[in-house]
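We just call them A, B, C and D in the order they show up, numbering each chain from 1.
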Amino acid sequence: MNVSFIGIGSMGSGMAANLVRAGHTVTVYNRTKEKVEPLVALGAKAAKSLADACRGDVVFTMLANDDALKSVVYGDNGLLAQLAKGAIHISSSTISVDLSERLTSDHAVAGQRFIAAPVMGRPDMAAAGKLFVLAAGEPSAIDAAIPLFSTIGQRTFIVSKSPKAANLVKLSGNFLIASMIESLGEAMALVSKGGIDKREYLDILTSTVFNAPVYKTYGALIADQKFEPAGFAASLGQKDIRLALAAAEELNVPLPLANLVRDRFLTLRAHGGDKLDWSAIGGLAAKDAGGG
Amino acid sequence: MNVSFIGIGSMGSGMAANLVRAGHTVTVYNRTKEKVEPLVALGAKAAKSLADACRGDVVFTMLANDDALKSVVYGDNGLLAQLAKGAIHISSSTISVDLSERLTSDHAVAGQRFIAAPVMGRPDMAAAGKLFVLAAGEPSAIDAAIPLFSTIGQRTFIVSKSPKAANLVKLSGNFLIASMIESLGEAMALVSKGGIDKREYLDILTSTVFNAPVYKTYGALIADQKFEPAGFAASLGQKDIRLALAAAEELNVPLPLANLVRDRFLTLRAHGGDKLDWSAIGGLAAKDAGGG
Amino acid sequence: MNVSFIGIGSMGSGMAANLVRAGHTVTVYNRTKEKVEPLVALGAKAAKSLADACRGDVVFTMLANDDALKSVVYGDNGLLAQLAKGAIHISSSTISVDLSERLTSDHAVAGQRFIAAPVMGRPDMAAAGKLFVLAAGEPSAIDAAIPLFSTIGQRTFIVSKSPKAANLVKLSGNFLIASMIESLGEAMALVSKGGIDKREYLDILTSTVFNAPVYKTYGALIADQKFEPAGFAASLGQKDIRLALAAAEELNVPLPLANLVRDRFLTLRAHGGDKLDWSAIGGLAAKDAGGG
Amino acid sequence: MNVSFIGIGSMGSGMAANLVRAGHTVTVYNRTKEKVEPLVALGAKAAKSLADACRGDVVFTMLANDDALKSVVYGDNGLLAQLAKGAIHISSSTISVDLSERLTSDHAVAGQRFIAAPVMGRPDMAAAGKLFVLAAGEPSAIDAAIPLFSTIGQRTFIVSKSPKAANLVKLSGNFLIASMIESLGEAMALVSKGGIDKREYLDILTSTVFNAPVYKTYGALIADQKFEPAGFAASLGQKDIRLALAAAEELNVPLPLANLVRDRFLTLRAHGGDKLDWSAIGGLAAKDAGGG
């Protein structure tokens, strides 16, 4: 297939590389041009312009936020104006439910197809083609995209016919991770002030009820207060919680735990923690308790 | 060893049975007498009185709460008055940090030894000898008790020399489970109102980031709103959160997420949910959102 | 002065009437035309179009929300395009800090002047010219507008040179009222379940420490659960809390109490309470407690 | 009447002095003996012992907390053992609902009468006989005590026949004040970070909607961050919130705002703020926001 890939960051570079390796004709585009060079070395074609990246049968976008995605979709050289009829835009960015809904309808009006396919996994999983893909969109479009998803991920979940459902699942998943971080932060603040070693405590937890990698990984970061370098920056975590809360507000769903997590991010940022790993919110309970 | 076991409920019966099977001389005592019969059939001796149950080298207690434990410890026929010097009281109940501290000092004054050894695991794990034991107390006492712990559990964690530390770890562990329940409850309220099937959502979660039995088990209960019969009653869950908050208050540790969970239990009880499984608090977010 | 007034709702009608009575030449404009008739009877001139309402020295806008205000400011017939250089736009609507900032800069670019002058008070106070005016903007503009503020209000507070500061004060004031409602709701849920009559309780409060009209008014609504008809609709209250939280997020200020109030509004709306008075959130604590 | 007064602290000294001045025969008792001297100079009689203070028709107690009160009620020389049949114990301390209930029943068994009569007001109001008295108990006892209440206070509210109701009202009142402090703390953190002067902001609030002394007093303390010397210590405020939450838990009433306030007190204490005025919790929102 003729595939374009827009957004060659830490996630996108791995995803695009796997598409190249799978034998697809891949055109890559990034605002900062040097980022595409390794992919070109691998056999990808560098798009000369954004418009040039809109000529494929399928265009992936993997960008930081709503604004970044809007900047490549709207405008004379953007996807909406340039994409051929019937072509598919696969949005893998973690974006708002609102924007996903808007893109669904705008692409439909333009005779194009839209799939929301946010992914779960860190950059190393992207590089290894081991992501989890949460795909939602019209069945015919999904069918066409399945081989691509199988290339970038270890498993694809077909969430719904409505693209925004996949975005909602992705946002709620990040809310769940942030909630787990908060719970570990509180528990460790408590036992630590009670004289228990945090690492030994974590070992008990993860050897028994909470025997899952996600508890081990984040638990260790919190126990050691090792929030740099960021695997996933607090500013991005905050964005996702904000988008989850916005989606919930639209649906009239109160989420008190999401509010709590939101406040943690604000406190972190107010104290300069923007670039720390998002697990740094797990250190705030200990600070409130006079420690940390 | 000459072992007594006080408190033959759903957990204690399995624990005592495994002690009998391992060849110990086991004397059993329970307020409701019939409960001990299956153990007697297995080879245990039924204590004629509480005092009669205090003659062993080691006495386990496995009771519902602080008051129940105090009723067998204090008083003329209780453990404090009747236990031999040097004998060991192993408290496996989930009790307050305060009471654990008080028992530590009262037993010391009486020349007896005290171990806090709360356990993690459901009744089926108790029956199978597969509990996790969180033990804390003086090393010499712990050493003496290790063979017993190996009989009732699959693994023993030596938490501290200070018994109350084991109680704190146990309470914080239940807080973490309750927090996970709350987070799943909110996430499911959100995605469900967004049109996504809760069972399919849970499948995505537990096939990816949250691949742990505890998410699968509680997630399924919440998705299906199946809160009866109770595996662990809401009233017991509430008690544990109350004890965690009391310990935290003593240590000046604010726990906003524990507060949230506490309120969920109160709401549940105010609506007659006392005897539901404690995962029923995971259904309240959906109720607030107008569903459920 | 040549004054236009855009937005003849329950607040605007009283404000505009007082401007007419004070002898100003007042042109009035409203999307629903009939609303202006009583003012025309009083001596106001009905604008033929939105553009026609932009010819004065000063244009007041008093509209429901950001979108309504944007619809009269932007576009070919809107204030930005039509207002004369040096003319003053006085925005009395309760709008977002963001929009206020944007209007400040857009009007400056267009050579026009912008004052944010949200008001405190109910429709009866607007009709009586007894509002409190929170004004912020460039001193020269404020000086020119002072006589108008004196006409519509009993007192004007000059908050800042920066218009958005007045909006922030207004939003925070509504947050304080909503917080008071929440606190009364919780207190009444508690004492009422404790067997105390809510009206007698309120009498004690307002005869002692909380001797303020705002406690009396809202306390009575909560005690009597009389949330219809709405003096100020829950949907508007929710909007203001959302705007306060948005402003706080921009400034990295966590507001846990505002989050709590926000959730109350969502719960209310999820149960169809959109059109109730905003004090209806004060009835939710009792509901959680199984009463109400 | 023959009146005894136990507990001559900052509140009790003023209350007892007014009873002396009104012509009653007043016997006074305090653990620290010197505290009674000014009252003796005024005409009171110093009790030689606790038992000696139990001989009147009426005994007031005004003590710091449950434990202090229990120490003068229970035991061989305490009120229960020493008070004559038909004598009245008036408890003006801010104590738990639980203890009030227990005293009601214990005094009844002993043939004595019990009134809960907590008061509202600061030491200066106690000295001036201007307290508000919240009285609850059997009507005949209340009738007998009314002249005494009129002596110590400006107004007496008869809350209920059940003494504990008065304690609940008192606790809920302190919860309301603490909630107001929290709301002001958040609002000031917000507007202050938005560039608005806190004192000017407070002036706007208290000149308009929040025209009540309680807003002025606490608002000024928060705006100026002047939390020493304590008018009412944070440790006492925390106690009252704990008692309010305990009463609410007993009644299954979730109080999320009380939880928030509780956490603020814990954070304050964890940072050494135990002896600050309780309004110091109003400074914590600004700290979370990176200021303060």
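By definition in this document, a residue touches a chain if its C-beta (ideal position, glycine included) is under 8 Å from a C-beta of that chain, and two chains touch if they have at least 3 such contacts.
Computed from a prediction, not measured in an experiment: that's the story for all the values here.
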Common touching chains of subunit D and subunit C: A, B
Comparison of B-D and B-C (more C-beta pairs in contact): B-D
CA centroid of subunit B to CA centroid of subunit C, Å: 53
Intercentroid distance (Cα basis), subunit D paired with subunit B, Å: 39
Multi-chain contact sites of subunit D, meaning residues that touch two or more partners: 248, 252-256, 260, 263, 266-267, 270, 288-290
Subunit C-facing residues of subunit D, complex: 97, 120, 132, 134, 155, 157, 159-160, 162, 164-165, 168-169, 172-173, 175-177, 179-180, 182-184, 186-187, 189-191, 193-196, 200-201, 203-205, 207-215, 244, 247-248, 251-258, 260, 285, 288-290
Complex contacts: residues of subunit D adjacent to subunit B: 242, 248-249, 252-256, 259-260, 262-264, 266-267, 269-270
Touching residues on subunit B, where the partner in the complex is subunit C: 256, 263, 266-267, 270-272, 288-290
